[in-house]
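Given below, in the form of structure tokens, are the structures.
In the two complexes that follow, chain A is the common piece, with chain B as its partner first and chain C second.
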Partner chain A sequence: MGKYLEMIRVRFLMMLAYRTNYYSGILIYSINIGAYYFLWNAIYGGKGEIEGLSVIQMTTYVAVAWMARAFYFNNIDREIAQEIKEGKVAVEFIRPYHYLLMKTMQGLGEGIFRLSFFSIPGMVIVSLVFPIEFSAAFSTWVFFMIAIILSFIVNTQINLLTGVMTFFFFNNDGLIRAKRVVIDLFSGLLLPISFYPGWAQNVMDFLPFQAISYIPSMIFTEGFTGSAVWEAILFQLVWAVILILPIQALWVIAKKRLIVQGG
Partner chain B sequence: MEKVIDVQSLRKDFKSHSSRSGLKGAFRDLFTRNYKVISAVKDISFTVNEGEMVGYIGENGAGKSTSIKMLTGILTPTSGTVRVNGMDPHKEREKFVRSIGVVFGQRSQLWWDIAVQESFRLLKKVYNVPDDVYNEHMNHVIESLDIGPLLDKPVRKLSLGQRMRCELAAALLHNPKLLFLDEPTIGLDVLVKLKIRNFLKEINEKYKTTILLTTHDLTDIEALCDRVVMLDEGQIIYDGKLAKLRSNWGEGKQIEFQFGEQVSGEQLQPLLKELEAEWTKGDRDNVWIANVINEEHVISEVIGRVVAANRITDIKIHEISTEEIIRNIYEEGMLNG
Partner chain C sequence: MKHTSIFFLYVAQYMKTRLTYRVDMLMEIMSDLLFQAVNLIFILVVFGHTNMLSGWSKDEIIFIYGFFLVPFAIFGAFFNIWDFNERYIVKGEMDRILTRPVHSLFQIILERMELESLFGVLTGIAVMIYAGSRLDLGLSWYDPIVFLFMVLGGAFVYAGIFILLASISFWSDSRTSIMPMMYNIGNYGRYPVDIYNKVIRFVLTWILPFAFVGVYPSAYFLGREEWYGYAFLTPVMGAVFFGFAIFMWNIGVTKYRGAGN
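So, the complex of A and B:
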């Protein structure tokens, strides 16, 4: 276990080594939150609420969704693809650890870094600029913490799945890009799932994407209450377990047919 | 003696697709592809005993890297058996890789953006090395490779020679019984090469570490290995002592004469009459080389006759280098001796 914790620490150090990325990240996230704030204000106009969310809840939803994204978002699919293409994956195979688990830990190191140096200070600044409502209930915060951990797991699993596909396609930049758009759209980051037409909502109930952004944001804004919270967390948990299967299966096949590029 | 590596009729086939030519061909490739099976390693067998240092040589594409990758458990063999340190590298991967160290000269295994000591610290955790063992062993390694001053620098700021010494230290961090070195001295200067060679000799003596060394630099092999395994087109064409290779193939010497005046081939030809020797022209003016067999009386006879007949400003006697021997073998393809 020590090695996996150590990897989180190393990733933390790597993030510190590239400070410019970090500063530009803050800027991009602030612009996004600002843009969506004004967009939603215009859409609401004088209306008190749409689809059960008030305008303040909506603003909070947008801010939280982006800040949570800073935690669950990572580029490990891109990294895996690159390591396979450059043949670096050979080095990973001579280490006594599970490559995918190590990659997950790197994602977690990155997530914890952004959560502590980026999301939390960012949230304080955003709450000063825009009217945002924080829940006073302790239970909401606990559920939110559980939900974003699960959303990290589900998102990372989808990334691992996309990354491991590189073993079969050798160049899957297109797939990685498509995955990113699908997640932004269907996870509820850009638009809460409850705003989609009924049939689309039904389809999305059978897909894992809303576990990534919609569920933690709805829990935070108290759009979900009572048993809905439990059902939402159960939904995330079920997907986190289901997704292990295709990853493990692809990984076993990938190991057998590994071809190391370049010498 | 204990067998560290035991390879029996190991084979690796790759399926590769060949592209059809032209635009029409490219469209056809979208639907069906032509596959060709290429055998990179063809049924090789060899064993390596504990404490041996073996040079593993061959031309580019001879199958060296592929076989090393099977020995380290990165690739699965198509057929044949591999036992390394008494384990199947692919089946018991996590346990197995703890018992080996690997250096790939062409790719770094240190983390690029962080200081060398952070990489070491991570590897120490990865291999579960206890503090006291680590301190004793690594202090020695760091001192012999002279990398103490480099430890707090990020890997991307190191020169190639500095990085390679750190790579070697990282591969030895868990003190493995078996060390694979894939072109460890590629692109390094003479001093760094010497340092690395001395260090390898030392750990081989101290810990009885078995070393399998792949390189194109034959001076590495000459300095370190008693035994060489030579690969050509996926097959072993020589497995034995380096000295024997030299004595079988390196018969003969070259005597290089620098003449004080202009001489021609016709003038020189009669001097070698009835001797097993022949002339070739050197690359500079007035330099001629006599290729002779390695026998005392022939060598002295040639020198005597030439010196008596011409004015000489310089004489050098060369032994045929291992490099030339290997080149001859590569060119002829198979070893008959």
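So, the complex of A and C:
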């Protein structure tokens, strides 16, 4: 356990060394939030609410969805692909830790860094520029914290899955890019899931993606209340457990058929 | 003549390297298509809840998006030099470029081209045909020529902005994230400018004229006469921005000192 905690710390410190890169990142996210703010305002026109969300809730939704993304987002699929391509993964196999768990911890270190130096200051700046509503209820914040931790887990698991695929495809930049696009759309980052037509919502109920962005953002904006919150968190929890199976299976197969392309 | 033959030599070379990993190239084209589909789905879902966006109908917005894809694809294929600073300045690759007897920017464009982006031209035209037929848009004999000028104007606006940003690295080689920021600002141009406030509208028209890549030229084909003035400015803006960018690039090259070993 100690070694994994150390990995979180090391990655955190590594990110800290390059923190100036992140100030411009806040600006980029603010620009995105701004674009969607104007777009949603035009979409609402005079309407009071769409699918149970008011304009202000929608703005809050967009802002929190992007800022939460800074926490759960990581590039470990790309890193794994890179290490497999360069043959470095062979060395990782003989080290005394679980490679995938180690990658997860590095992702977590990055996530914690971004949460404290990116999301929180970013949210403060964004809330000064755009009309955003924060919930006063303590329970909302607690549920939100649980939800973003679970969204980190689910997103990281999907990243691990795409990363490990490199063992089978050798070069899978295309797949990694495709995955990113799918997640942007089906996680609820661009559009709340409740805005989709009914049949699409039914399909998405059977996919893990809404656990990543839709659920934490809806909890934050109080679009979910009462038992809906518990159901949403249960949904995330179930997926977090289910996704362990394919990852472990692929990992075991991959280890057997490892081909090192140099290194 | 010399430039044309060099261009085709590079294209041939490029095809060879890309066709080595066929599955990956296919995946890349697929993910591009997917990315374009995502934006379309966004528009479709949004219009499930509203009929008009500041006076623009669903099909008009789809048409604007389709048009946007065409100049954007050309830009992505040839002028996508977002990693210029890191690749050429920090690693000193610019030294190699400058020893050769062809204009430096031309060489870099050839080295960095990504021809698979051109697929976006087809998607864009398909989207425009779909939206155009639903809107009953008429087509005159001169419209294809106008279209060509509008597309080139839009692509040159994009190219001009990115070349200008790349030229900054001749003066300052510190890493910046202006480039990714520009991609995001570029997305503003996909929607009608009347949804934004006055400041953003002014910026999108005169300072970072991304509106000339999507809304303004599309307004001509959509028959929105109130925007015709801006629409016909598109090729002019493209020429002005591209020309200014080349001018700044040429000055910048003389300031290049080299960072290599």
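In this section, the second predicted complex is superposed on the first by the 257 of 263 C-alpha atoms of A that agree within 3 Å, B and C clash if a C-alpha of one lies under 4 Å from a C-alpha of the other, contacts with A are read in each partner's own complex, and residues count from 1 in each chain.
Convention: a contact is a pair of C-beta atoms (placed from the backbone, for glycine too) under 8 Å apart; a residue touches a chain by one contact, two chains touch by 3 or more.
The shown structure was predicted, so the numbers you read here are calculated from the model rather than taken from an experiment.
J.: Overlay done on chain A, so just call it for chain B and chain C: clash or fit.
T.: fit
J.: Thinking of the overlay built on chain A, is A:258 touched by chain B (first), by chain C (second), by both, or by neither?
T.: After superposition on chain A, A:258 lies in contact with chain B alone.
J.: If you tally the residues of chain A touched by each partner, is the higher count for chain B or for chain C?
T.: C
J.: I'd like to know which partner A:231 touches here: chain B for first, chain C for second, both or neither.
T.: Touch partners of A:231: none, neither chain B nor chain C.
J.: Classify the contacts of A:51 with the two partner chains as first (chain B alone), second (chain C alone), both, or neither.
T.: Touch status of A:51: second partner only.
J.: Check whether A:13 is in contact with chain B, with chain C, with both or with neither, and answer first, second, both or neither.
T.: Only chain B is touched by A:13; chain C is not.
J.: Once the two structures are placed together by chain A, how many degrees is the angle at chain A between chain B and chain C, based on Cα centres and rounded to a multiple of 10?
T.: 90
J.: Using the touch definition from the top, say if A:97 reaches chain B (first), chain C (second), both or neither.
T.: A:97 sits against chain B, while chain C stays out of touch.
J.: Considering only touches as defined above, state whether A:191 meets chain B (first), chain C (second), both or neither.
T.: second
J.: So, does A:205 touch the first partner chain B, the second partner chain C, both, or neither?
T.: neither
J.: Working from the superposed arrangement, determine the closest approach of chain B to chain C, counting only CA atoms, in whole Å.
T.: Least C-alpha distance: 9 Å.
J.: Which residues form the common part of the chain A surface touched by chain B and by chain C?
T.: Dual-contact residues (chain A): none.
J.: Show which residues of chain A lie in contact with chain B when the two form their complex.
T.: Against chain B, the touching part of chain A is residues 2-3, 5-7, 10, 13-14, 17-18, 86-88, 90-91, 93-98, 255-256, 258-260, 262-263.
J.: Show which residues of chain C lie in contact with chain A when the two form their complex.
T.: 21, 23-28, 30-31, 34-35, 38, 41-42, 45-46, 48-50, 52-54, 175-178, 180-181, 184-185, 187-188, 191, 195-197, 200
J.: Going by the contact rule set out above, which residues of chain B touch chain A in the complex?
T.: Touch residues, chain B against chain A: 14, 65, 69, 72-76, 93-95, 97-98, 100, 102, 104, 106-109, 111, 113-114, 118, 121-122, 125-128, 154.
J.: Which of the residues in chain A end up touching chain C in this complex?
T.: Spelled out, the residues of chain A in touch with chain C are 21, 24-25, 27-28, 31-32, 34-35, 38-39, 41-45, 47, 50-51, 169-175, 177-178, 181-182, 184-185, 190-191, 195-197.
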